[in-house]
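Structures follow.
Look at the two complexes coming up: chain A is in both, with chain B in one and chain C in the other.
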Partner chain A sequence: MSQENQPSRPSGQGRPQGRPADTGSPRISRVDASVASPVKFFFASALLWLLVSSVLAVITAVKLHLPGFLNSCEHLTFGRLDAIQRNVFFYGWASNALIGLNLWLLASLGRFEFRNGWIATLGGLIWNLALTVGIACVLIDSHNAFELLELPRGVALAFFVAFLLAALWPAVAFVRRPTGQVFVSQWYILGASFVLPVVYLLTQLMVLWCPTNGVLQALVHSWFLQNFLLLWLGASALAAVYYFLPKELGTTLTGYYLSTVGFWTLFLFAGWTGPATLLGSPVPLWIQSSGVVAAVMLLIPLTITSINFFGTLSRDSGWTRAWNNTTLRFVAFGLVAYTLAIALQIVFSARSLNAIVRFTSFAAGQQQLLTYAFVSMVIFGAAYYILPRLTGAFWPSAKLVHLHFWSCALAVVVSVAGSLFFGWTQGAALAAAKPFAQTMQPQEALLSSACAVLFLIGHVAFALNAFGMLTTCSSSTEEARQA
Partner chain B sequence: MNNLNLILAGVFSTVAASFGGLLLAGHAQLGALGRAPAEEGGPLFPSLEPGLAIQGRQVYLQLGCVACHTQQVRPAGQGSDIAQGWGVRPSVARDYVLQSQVALGNRRIGPDLANYGARAKSDAEIAAHLSAPAAGSAMPAFPTLFNQGKDGSLQPNERGTALIAYLKSLRQDYSSPEAKLKQ
Partner chain C sequence: MNDSYRPNDRHRRPRASNDAGTEGFSDGRLVEVHHQLANDKEEPAEGFALLPVIVVFLFCGFGFWAGLYLTRNSDGFNPGSFDLDAPRALVDNGPKEFEPDPVKGEKLYVTNCAGCHQPTGLGVAAAFPPLAGSPWVAGNEERLLKIIIGGLAGELDYKGTKYNGAMPNVGAGLKDAQIAHIATYVRQAWGNAAGPVTDAKVAEARKAVGARASYSPAEILQAHPLEIK
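Let's turn to the complex of A and B:
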């Protein structure tokens, strides 16, 4: 083994993921080799988009306390850049990475060798090309008013086709495999892969192609957003947790038999929680109340996942072992964030509390807790496990792994805590009838900027490490495929 | 639970349940909502938007104003929107029936604009705010909406004029069957 491929060993962090227990070069299994190309493509694309998103996040954060920054050009207004950053993060980073992760999990869990992996890669190409065109369109001209529906309508069609090729086709192919046991991760992946295209297509039809009447558009959008956040991003990330936690701890899940109930109740209630984000809006009260009831019912899947995950981590020094394992450190961090995010969603669907925090940065903090502190951290943890198995190489630098974890963890904790705190204090001041202009807190924008820079540092560290690995990976993938 | 077709069928049912229960039922209730008089025989509200305001709405969306401004006034028991002076009554679904694309918004970095037209004093005041927002405001100036006049002053160009017309058209200060103005 050459010096460059010597595994790095972060102090106090156990061995880097992907390295076999004993010395020796990492080997690529036939199953991994069958999905290596598309999965590496999706992760590499996701990484590039993550870097773009991080730079845009710094610019938008600075714009909030220096409104004149990059203000001479209309293409760079806060509203446009904010929309672009959001779309790049959700469709470019999170969705690319989750499609790749789901593909690998399906293959790995089912010991299922995908044939025609190029179809998934083709789907990935279409997805990323469509996103690039969509971002350019938003930058050049206009966008519409709904979060995550800002891209032009034509792009949505390309997304739909791409997702069918990249995610739904593998899921269907998996269903048609001969026999075998089905794990809870597979339920979540199949559910998530089915929900996203259906919900996305229906929403596009009802909001952009044949707009429904007035505020019904906002109702459809809230339904889409909650499905996207909880049943695409959330369910896909939960699938990864259900895989990595018992696998890396070498144990069984506590209360595994409950996970069926957790799965069905999440899918049953999450889709109804959209109107809980519209409390006080001009939509019928019974619809708002349905959303509140559904949000409270999320207590059932939350309790079950807590029993499954925290019960498992509480056994046999699970927390300590998770802390000493790169993948599980990220995953456990994400699990705590998931629990907090859903708990906050339940508590703040109460009308009296929602009235205080709605429209403030509190909601942004809640969303970041779910989408970054949970979903993104789980993706990072999974990448540390998967990429060495697909490339046949080790992570080049343990220091960069440390830098990545600590900068991202610190940034997201400070950012979320700041958003929740400043959102609450602003809401309380408004409730006390203080004039709006006096409730704005410039410290919040400064804190956001500092956190955005910290995120960027962490993401650059991760990208350097990952691209270092992807570019130096030997031809072992090809060799394994030929073998 | 090894039957994957059953899983897909179940997931389909859950999506169909929320789609039918929320969206189709909501459509049944609000899908045909239109303009209506506050009192029988009275004028229909909301009023039709002037053409310039419709063009201004496009400018509003192009600039991404919806990232910082909402257009919805919550009832008195649900937030302090009315106490803040952003509206004289809560917004109702009928207020939005003429809008091809509703811009309710979900974050307030700036104040709510649902009833901005009723509290803006003049075109000049709106133009001044767009060209040079008050110190300390998080809102940037929008120089591309203005041309420099012969005397050096900034005059709204075509798009600026349209945006001002749109902002002036944002009014929810009329009675509707669902929300009467207090006498």
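Let's turn to the complex of A and C:
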């Protein structure tokens, strides 16, 4: 994914700088200062959860080929740890970071100074407490049998309240922006901030609180998953891409006038793609088919984002400059991954292809491509840009930035490629009516363990750097205040 | 408004779209320039003059395909079909459980029968015999069906009253299921307490009636004598 950048990389200047490009002095703008504490809180907690998630990922990956590993008590069995890892990654890492990122982006784009930032921080506090309690419940007791709804029902209410508290400010920032002008990132953030609470609440109601009958439950759940992945995580990350590309390249977006259509079509079709993940299940045929149609119609937003992003990057040696910029290196990696992920989703919603990979690790590979190679990489890039501006400090070590990028990029490329490849071969073997045991490949588990360790190394490097900066900054701003 | 606190914002030219400096826009400039771009579609530096036209045609094509795909692959929006590859015969003639429905039967009765036999099922004295409590209705279902499908004409003696009417073959114009609903309703309304009638029975009776347009009471009673007087 990142290879296409490599040949054009001029030797000598290919190092991402361990500091933001355009802040000569570590001065914090007023807008940044007003959101600093909630955004820092969200990013710091996201980072902690990321570490937890990567340690758990290593444990679960090892368990896949050494089943006896840490199997002495029921709390450490694969099912629980796997569910916890997933929830920590999505609600702890990705959601925390995106709430913080959205807050910062809307404040910056709206040039809005927050008065009561503590309300957002309170939301973050509730969010993280609820997540901790939920995980403890899963660890001690048991969990619901729906992906990403595993946490106990009460946690959902706390999440909802916390999100309203934290996302209230983005809405306020948008409404009270000083000019009537709107930038595409603002639409995406508002859309995402609207989708998450509504979809989450409705799904909780229809799946857990008052369960609907039979197949409708699965249908609602698939609807939730697609909305969560594409319209909460995906749209929030797209907002960041739309912001950082022109911002860091200093150019306008190519075909910007098309981005309205891209926004509306993404929000129109992405929510409908749920049934396409249920092909072959006893869901009425017309619902399955409308899922397929919606998935194929994602071609429209995909075309538009491709024109916007790749058009911008291919002008004025944009790829080279993106490669030499820490933030843009991550962001460009992410948007190539986004394009691949959506393209795969479109192609593999075709019934004949879907039938082959349906019950294999292929879907896991697709999900990782979207949620890690796209969303997480964009968040990393954004963090490299935002945190120095919030703290007024520089990244302590450029080497750690390098280590972070290369280990994460390598790990995600290998891991996604492995899942896709082994998923495809296993699906083909199953289609040829081979017994299930013969279709399993032990290399897959080994590969995913190796990748999990690589991820952990990258994340530790990132965390060291970030916490180093967050701690030095607090002392330096103290000094600045006194001076 | 607060961007002036950033060191680089002061000397940025108002039209920032073509300067490819290493520094980015200020946030305010970013929003402003793109706002202009969205409203002013003639961006001279683009070189993509055909793009909007191509995009519109492409998207119309997607929409057209979507309509085709949806109509071809959803089996007429039938909520009961789940598998595209299921054999057609299974979907069309598969085991369908028929349930005679007295509620539907009542509606059909009101439109087709109540004109003579009355909504109360009591008929009209000396013209149209009653159905309520009648052994003609509650007894053998084949007799009832034959009368509905074939009609009944001739003199009839029921509980001491002579009826000389000509019931048209109402059932010939109705579907099996509809007749089954009506027969079930009639057999269970107004204090009647006979079993329901299935559409399969109706089909049998229709075969037995054949092309006949009318029965006489004597014929019917000969084939299916009344169980109780």
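Convention: the second predicted complex is superposed on the first by the 440 of 483 C-alpha atoms of A that agree within 3 Å, B and C clash if a C-alpha of one lies under 4 Å from a C-alpha of the other, contacts with A are read in each partner's own complex, and residues count from 1 in each chain.
Convention: a contact is a pair of C-beta atoms (placed from the backbone, for glycine too) under 8 Å apart; a residue touches a chain by one contact, two chains touch by 3 or more.
Because the structure is a prediction, the values reported are computed rather than measured.
Asker: Does the chain A-based superposition show chain B and chain C clashing or fitting?
Answerer: Superposition result for chain B and chain C: fit.
Asker: If we overlay the two complexes on their shared chain A, which of chain B and chain C does A:P284 touch? Say first, second, both or neither.
Answerer: both
Asker: Who touches more of chain A, chain B or chain C?
Answerer: B
Asker: For A:V182, select first, second, both or neither according to whether it touches chain B, chain C, the two together, or no partner.
Answerer: Both partners.
Asker: Per the contact definition in the header, classify A:A363: touching chain B only (first), chain C only (second), both, or neither.
Answerer: First partner only, chain B.
Asker: Which partner does A:A431 contact after superposing on A: first (chain B), second (chain C), both, neither?
Answerer: Only chain B; A:A431 stays clear of chain C.
Asker: Which of the two partners, first being chain B and second being chain C, lies in contact with A:W272: first, second, both, or neither?
Answerer: After superposing on A, A:W272 lies in contact with chain B but is clear of chain C.
Asker: Tell me the contact category for A:A145 with respect to chain B and chain C: first, second, both or neither.
Answerer: first
Asker: Scan A:T212 for contacts with chain B and chain C and give back first, second, both or neither.
Answerer: A:T212 sits against chain B, while chain C stays out of touch.
Asker: So, does A:V293 touch the first partner chain B, the second partner chain C, both, or neither?
Answerer: second
Asker: Can you work out, in whole Å, how close the C-alpha atoms of chain B and chain C get once everything is superposed?
Answerer: Minimum C-alpha separation, chain B to chain C, in the superposed model is 6 Å.
Asker: Overlap of the chain B and chain C footprints on chain A, residue-wise?
Answerer: Residues common to the chain A contacts of chain C and of chain B are 181-182, 260, 280, 282-284, 290, 351, listed in rising order.
Asker: Which stretch or stretches of chain A touch chain C in the complex?
Answerer: Against chain C, the touching part of chain A is residues 21-25, 27, 29-31, 108-109, 111, 113, 178-179, 181-184, 243, 246-261, 280, 282-286, 289-290, 292-293, 296-297, 299-300, 303-304, 307, 311, 316, 321, 351.
Asker: For the complex, give me every residue of chain C touching chain A.
Answerer: Counting only chain C, the residues touching chain A are 1-3, 5-8, 16-25, 27-28, 30-35, 37-38, 41, 43, 46, 48, 51-52, 55, 58-59, 62, 65-66, 69-70, 73-75, 77-84.
Asker: Which part of chain B faces chain A closely enough to touch in the complex?
Answerer: Going by the criterion above, the answer is residues 1-2, 4-5, 7-8, 10-12, 14-15, 17-19, 21-23, 25-27, 29-33, 58, 61-68, 70, 72, 74-75, 77-80, 83-84, 90-97, 99-109, 111, 133, 136-144.
Asker: For the complex, give me every residue of chain A touching chain B.
Answerer: Residue positions touching the partner: 63-65, 67-68, 71-74, 77-83, 141-145, 147, 174-175, 181-182, 186-187, 190-191, 194-195, 198-199, 202, 206, 211-220, 223, 227, 260, 264, 267-268, 271-272, 274-275, 277, 279-284, 287, 290, 351, 354-356, 358-361, 363-364, 430-431, 433, 435-437, 440, 442, 445.
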